[in-house]
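Step one of this worksheet: look at the structure below.
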């Protein structure tokens, strides 16, 4: 179903395999998901996307679980089916419990609601919220 | 600029004032922001929205700071100017540092990118991501 | 601020003036709003857009007020500031009261919320909702 | 396929059953759809969502059919597959004919088009559309 | 699965057939896709939509391939599954190679990312970008 | 107004200045726009974003003008005010004439319309559009 199909590990060029290996090493897995196999047709995009993800999702001021939950919140807001499936799995792997999932969904739903209420009522930004 | 204008505390009915008081008590503030003053023209919506927010944003499996950052992530994804301003302030009040803010934005940006890459490439969901 | 500026009635070509005249006649007004003046730089787009609007927004199985409220609901969902301002005015002109406006906003907010809840929970469509 | 699966009526706690009963009573149906069964894993979200829907969708300044059509308009704009299926059914149940449906879709399509035209041309809001 | 089902060529009224014939003539094909067959239940919408598409997608200052790629870029941004499938096919027919497709997707992904970064950081528009 | 303010060239660290210099060299300009100055507070995000943009927007199977117009199309779809202003300027610099701009807007508007029509009518994807 993927537009260009998948590049499987066994058929991958050295350049693509290097990225696949780094994904598996970093994530401590032994398989490559469909997203990476699909964009692997464009090795530059595969490399650039993986390097960005690896840097952005690493532990920092925010821990990996928080980052995965933010990723899931965006994916739900954007109605991206693949992303919701894969990032729900990733967040669970990072430690998201069912209770966390439920609270996350409640916040995402409510934010999508009030985002529209405030804009629909054409509310101007409070002076004290404005930065210099 | 707000479509129906604002209901100021001094002009509010007892029903609206009760909600304003609860907002200030719960948030430990002495003022009401423009959003609440705008939707206060519809007391049912004001009450329902506040009670939902109060329940959803309370500490639980996720702490209030994480919840505020999720709220901000959704608001940025939806391009809601008022929400970004007010929830950036709320997240900071809950403990978000500049470093956390920057990492949050990086995740939001990346998620909005890969949400489109995977859908643009028409990637089917991996079997192992599907729930029963 | 408009990218190509505005075509004012006095400066308009006969082709553009014909559309401006039809807008004012159909809407029973004596002025042309900024949207029409901006896209008038592309007479084909001006004509095509006006003719579509005139046909779509005419009374039919749905009355003009209902149609304007739907237009406003979409504009709020899409966070389009100009559209919210102009269609709030149009809906009011067509008969929308403050009470109708408030109920409309409540529905729009709630729909944006449950749209995300159902997708976030990856809920499959009930068999009985599926058409043949 | 739902992330947490469904809570069926027979397996529901008294708290969840009370909400299920109220849904069926209010809607005059004898079954619970997948959306409610999915979010029932979070009884607080189930209760809060149902109570909001019940209040918001009740007859008021806008009748239930108009409200359902607005809900459908938002769901289409947001590309929510489940919501389009379930709210098309709900709107039909409330009295939406095929002719109404077709006109609704035409308005939703056109609004999504002009929302982008006006923003793409960077059109400033007319002074007379601005509220005080 | 389509809400109203399809109008097949053989069952079409003269009015609908005239549009179907024009589609096939203009596109040099011998078949009508599901989208047209679905909206054909509303002949006015079918006619208006086809005439708009025919005018908008014709060669002009932009060539048809560029226009199809823009159409695909929007469809990916909006997460429209049908549109991505049909416009990928249309763009390929107009001359889009795999390399073009990959570069298109990379731009769409990046644009969706920076759109959120700039709004999340609440960046004001540079004076030199503002039109008169 | 930017959440963290701007890092001006004169105040920039060597790491940030290196990116600023590369932007100006690559784009043949003598100034840095507000977007780069805002995200420069996060040097990793500045570097990663610039390197991605530089790679993605370089001439390839698609020329830079086509890429800028796609970027603008996405920005309009997402209603991003800053992006529309800056990418309209960038596209013009790359050679976009007013006629091209107008045709681009017409395509973006129409795509946003039909994206909703097809999903609203719940149209299933034609078999011949599906890839293997």
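Lettered A, B, C, D, E and F in written order, each chain numbered from 1.
We take it that a contact is a pair of C-beta atoms (placed from the backbone, for glycine too) under 8 Å apart; a residue touches a chain by one contact, two chains touch by 3 or more.
This structure is a prediction, so every number in the text was calculated from the model and none was measured.
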>> What's the farthest chain from subunit F if centres are computed as the mean of the Cα atoms?
In response: D
>> With contacts counted as defined, which of the two, E-F or A-F, has more C-beta pairs across the interface?
In response: E-F
> From the centre of subunit A, which chain's CA centre is farthest?
Replying inline: C
> Pick from A-B, D-F or B-F: which pair repeats the contacts of B-C, with over half of them the same residue pairs?
Replying inline: B-F
> Copies subunit B, subunit F: same or different interface, half of numbers shared as the threshold?
Replying inline: different
> In whole angstrom, what separates the CA-based centres of subunit A and subunit C?
Replying inline: 34
> How many angstrom between the C-alpha centroids of subunit D and subunit B?
Replying inline: 21
>> How many angstrom lie between the centres of subunit A and subunit D, each centre taken as the mean Cα position?
In response: 27
>> Quick check on subunit F: which residues sit in contact with 2+ other chains?
In response: 1-4, 39, 44-45, 49, 52, 56, 77-81, 85, 88, 102, 105-106, 108-110, 112-115, 117, 119-122, 130-131
> Connecting every touching chain pair, does the picture come out as line, ring, star, complete or other?
Replying inline: complete
> How about subunit E: which of its residues touch subunit A in the complex?
Replying inline: 79, 88, 98, 101-102, 105-106, 109, 122
> If you look only at subunit E, which of its residues touch subunit D in the complex?
Replying inline: 3-4, 39, 41-42, 44-45, 49, 78-80, 131
>> Per the contact definition, I'd like the list of subunit B residues that touch subunit D in the complex.
In response: 1-5, 44, 48, 52, 55-56, 130-132
> Residues of subunit E touching subunit B in their complex?
Replying inline: 72, 76-77, 79, 81, 84-85, 88, 105, 108-110, 112-117, 119-122
> In the complex formed with subunit A, which residues of subunit B make contact?
Replying inline: 1-4, 33-35, 38-39, 45, 49, 52-53, 56-57, 60-62, 66-67, 69-71, 73-75, 77-78, 80-83, 85-86, 88-89, 97, 99-100, 102-104, 106-108, 110-115, 117-126, 128-130
